[in-house]
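Below are two complexes that have chain A in common, paired first with chain B and then with chain C.
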Partner chain A sequence: MSENLLEVKNLHVAFFQDGKLADVVRDVSFEIKPNETLGLVGESGSGKSVTSKAIMRLIADPPGKITGGSVMMDGMDIFALPEKKMREIRGGRIAMIFQEPLTSLNPLFTCGSQISEAIRLHKKCSKKEAEEQAVEMLRLVGVPSPERRAKAYPHELSGGMRQRVMIAMALSCKPSLLIADEPTTALDPTIQAQILRLIHDLQKLNGMSLLLITHDMGIVAENCDRVAVMYAGEILEIADVSTIFHSPMHPYTKGLLKAIPKMNEKVERLYNIDGMVPGFNELPKGCAFSSRCPYCKDDCASTPQRLEYVSAGHQVRCKYCRNLEQEA
Partner chain B sequence: MKKKGTTSPLARGWIKIKKRKTAFVSLIILVAICLLAIFGNALYAYDPTQTNTSIRLQAPSSEHIFGTDNLGRDVLARVLYGSKLSLSISIVSVLMAMVMGTIMGLIAGYIGGKVDSVMSLIIDAICAFPTILLGLLLGTVMGSGIINIMLAIGIANTPYFARLVRSMAASLREREFVESAITTGLNHLEIIGKYILPNMSSVIIVQVSLSAASAIITESSLSFMGVGVAPPAASWGTLLRDGYDFISKAPWLSIFPGIAIVVTVLALNFLGDGLRDALDVKIRIDG
Partner chain C sequence: MEKILEVKHLKKYFPVKKGLFRRTVAHVRAVDDVSFEIKGGETFGLVGESGCGKTTVGKLILQLHRADSGKIVYCGEDLCAMSGKQLQKKRSEVQIIFQDPYGSLNPRMRVEQILSEGIIKHRLIPKEQIPARVAELLRLVGLHEGDAKKYPHEFSGGQRQRIAVARALSFNPKLIVCDEPVSALDVSVQAQILNLLVDLQKELGISYLFIAHGMAVVQHISHRVGVMYLGKMVEIAPTEVLFKEHAHPYTHALLSSVPVTDPDKIPEREVLEGEIPNPINPPAGCRFHPRCRYACEKCSCEVPQLREIEPGHMVACHYPNVFREKGKEKIAASEEEKG
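Then we have the complex of A and B:
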């Protein structure tokens, strides 16, 4: 067990909505090994970001509340740590980058000063050393003429540059886990590829694990070792990346993969999964996907499903998943 | 820190202010008024307290540019003398309001929840009193006096700062850069000091200049009604009050302090508007 860097176990997060608690993340468990990349995929509102914020203990309470489960980082129980210790972990052991590079930097300070501030927070060094390291980090993330860029204000840089600055800031203290919450959603595709390449290279260089949150299956295929598919606050399937793409078991994963447009096929209409993600206050008692599942059985909506192993390293939250092939 | 090509937000604001004629002229006028208030009496030949009954109520002339009052004192010297008190009361009371209001607003906006509800209630309660009435009340209870009038105006202006800061803090708290600052491990005080306060400074600056204008009016009104600055000390308001008795015989007694008030208040308001245009743009999200 100790080989895991991060262990999330039975995590439950709820938010107050109209005076009631709505479970936004339910029974989420996964683990990340050193140097591994775990992709967390799911549509908007499936609880991906909430899960990642819970790991950093960033859920605002109220309106949110972590109602159960545990997160172990390096054998430390994140939820039990005092706030002071937690601040050392944030930025020091776990760093995070967000999907909005345009607004994630303080507009009033130069990029260099923001990076060196992050460095000085976790390392004992002089202001000057921190500033030099900040320039070094900017060079590392591929910012051209880093000395000049370090003195620039965020509004003077493009979106891709700002995301590089964010990455420089996140990696400046050599965290062992980087959480990237849709790091490239706001960027155009060519920059997207560059940024992902960069994260990948730096991950190898620093020996760091990555939790990559995205809704883009293409990004998952290219960047992840293992994948967790989330839907309506639950993990429906976890497996290594080739299993997910070549022999998915859960109907939802199958639907997701079918929805990817293929270059070599001409279709009239792109495939989509019928229906909408149910709201968190109207979830069925049983399988959350039952209302949209083409294989839905009579008891699916009423009996809760458990995440079960179908083979080594492959867990699926659907008790009928083995029989789907014959039916189809 | 500054280099060619990169400009800090404040430097950008300064460039914009210089481009706005009314605001820039207002700024120059205000600087001139402040300099006159500080050095005017020392440079001017007449003593503001020197009475001379042989030259009572003289109309403006080359000898006494603003004329003389009922005790033969030079009105220009009196106006210069009054500006010291009027301006310092305005500045001190607004700074007081700024500090108190910012603290209240930060507590309410940054913490939120029940704290916010209670704070907002207090702020609204203070706001419900008209400034003059609050000033009258505090002036009567605590007695007239310069410190008391500063306190009264300061308290009356506090809720305007508190409301502004509260709403800014509440919205800044949700901004991505604050969240990403938390993920780098900063504590709340550092977040407030480096991320929340600096990003609302422009709004506070604008409010300071607008509040300073209203503070001058409030002080004048209170002094005019006799609960403000008491003789022998004099502010523009007390000068107005003194001249009121002779308004038909010697209008210059009231006119010149009145003009001083109007010019200062107008300049402060124009400067405030100009600053709002130059600085109070929403925090720049993109270049």
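Then we have the complex of A and C:
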């Protein structure tokens, strides 16, 4: 299938900071095909979550502002839709799950009523039918004794169970795209493995696409078809997952992969990326990574870099990336 | 190498109080009969999921909690038996680095105050030498001397963690308890802090108790590793042994749940069913048996003791290594079906 489900083109998002607009997301473009999983990786503050919120049109204005670009979902221009239509898409066609399930669930309502509320907003059905469907959803996501848990309040459940409730709610209207923003970061490793497997199984069952936002390269390697690497608000590299891990081209991706300690591979010292992510007020005109790049050239910091194809399906935002091998 | 710390049969139960008269109705068995040792210049990794008691062990060693029973022998002396005054002296030799570098530094103190507070309190060096010592500490952790006049909010997360490391070093400690020191940091900064800890160990010969839940990080930095589950130590082994020839089914499941960073080599995964039981009312027998797919009757009634199966490799399981054979049986069975 080559038709794209979601197309993000030249997205720009800015936030007001000290009376000035700071460009938090700059020139972000990617597409997601049906049934595909795209991983969006980057360090904190790289703009991954802002990008996902912009797709859902959830950026509060002010202080935020979508300053350019377009998001097409199923051929519809998300930014041009009236708010009423957008509400149907939110939760209906595109659903979202967040990192911390406790803060995204309402503590005053039972889990069952929160799921059935979502169902009734998008489907015409009686309250009773919606409640039955909510129990069915809880069963689907592997919550033991779902009838009882539907009557439980969020604080009565463990972290893993809460995340299951979030997933049940997100999938209750059979969305064609699920945005998962660090879905397992707050969970323990054995529970993380359970949740990731659950998302994977449900994705196959319902035939939906997944935008998986994470900072964990291991999760990306195991769950994604394609990967976009973000840094300081820009996408620096997009490719399919094995290209990213076996032949990355951008110096940041290379450094990032060398900096993670790996199981089954003992190294004396980890690779250091010196320095730290620049603040949004101190970004250079050119490449955002130039201040930390070991291969930085004279003109890197002054001339803007474009995301360009180096081979089919592999885009890199670095014009010197082809010559790095020889230099090293 | 000489033992610097020996923990023997350590226990800590926290009371659960309820009702008008705050009567104790139950106990959370946070740490239940844990024993291990750390040698000089060694890094001992302590892993486990949240609620398994690994942080409590760290706090007990620092005597931030007093143990209910058991011994913590530091350089031949039992810390649990010491009075407040004797302890204070020892405290300067055992230091801690916390997970959250935003919460662990006083926002109203300048870096030089943070670093010199302990030196002044313990009268480690004459007052006039303090500025030079602060500068030396900052250099040691990769910061500039000029940073001494700044406040914590002027630094990034990674730099703050460097300040926390410098504060721990200001006492010339022999042992540092690192409680999830890199969990709150970004990947590229995490590598900087891990390298710093390794360099300092080589230079100063410090021992670390490295508490973490990231298995890859623990493997990278530790010489020996202990795995905890629900307040019990289930396995202790040298790092290479633990990661390749572990014998406890929980260690196996824990390692199996870690995502690998190679999309072409995704292993057959053993996903644990169920969740960690409540430590107020832990399962009888082996605490892992309700989630263990290899458990049999003996596991549900008899508590397995930590015993040595090879030199340096200790396991608390009635049937160590059984998952390997059972796993093989399973593969053979599935192959037969296919054939």
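Throughout what follows, the second predicted complex is superposed on the first by the 322 of 328 C-alpha atoms of A that agree within 3 Å, B and C clash if a C-alpha of one lies under 4 Å from a C-alpha of the other, contacts with A are read in each partner's own complex, and residues count from 1 in each chain.
We adopt the following convention: a contact is a pair of C-beta atoms (placed from the backbone, for glycine too) under 8 Å apart; a residue touches a chain by one contact, two chains touch by 3 or more.
Bear in mind that the values here come from a model prediction, so they are computed numbers and not experimental data.
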Fit or clash between chain C and chain B when superposed on chain A:
fit
By the touch definition at the top of the document, which applies to A:I219: first (chain B), second (chain C), both, or neither?
second
If you stack the two complexes on chain A, which partner ends up touching A:K124: first (chain B), second (chain C), both, or neither?
neither
Is A:A193 in contact with chain B, with chain C, with both, or with neither (first, second, both, neither)?
second
Have a look at where A:L58 lands relative to chain B and chain C in the superposition and call it first, second, both or neither.
first
Which superposed partner A:S104 touches (first chain B, second chain C, both, neither)
first
To the nearest 10 degrees, chain B and chain C lie apart, as seen from the C-alpha centre of chain A, by 80
What is the minimum C-alpha distance, in Å, between chain B and chain C after the two complexes are superposed on chain A?
7
Chain A to chain B touching residues, read off their complex:
56, 58, 62, 83, 87-92, 95-98, 100, 102-110, 113, 117-118, 121-122, 148, 151-153, 155-157, 166, 169-170
Which stretch or stretches of chain A touch chain C in the complex?
43-44, 158, 160-161, 188-194, 196-197, 215-219, 221-223, 241-242, 245-246, 255-257, 259-264, 266-267, 269-274, 276-277
What residues of chain B sit close enough to touch chain A in their complex?
1, 3, 5-9, 113, 175-177, 179-187, 194-195, 198-199, 283-287
Which residues, counting only chain C, touch chain A once they are in their complex?
49-50, 156, 158-159, 186-192, 194-195, 198, 213, 215-217, 219-221, 243, 253-264, 266, 269, 271-272, 275-276
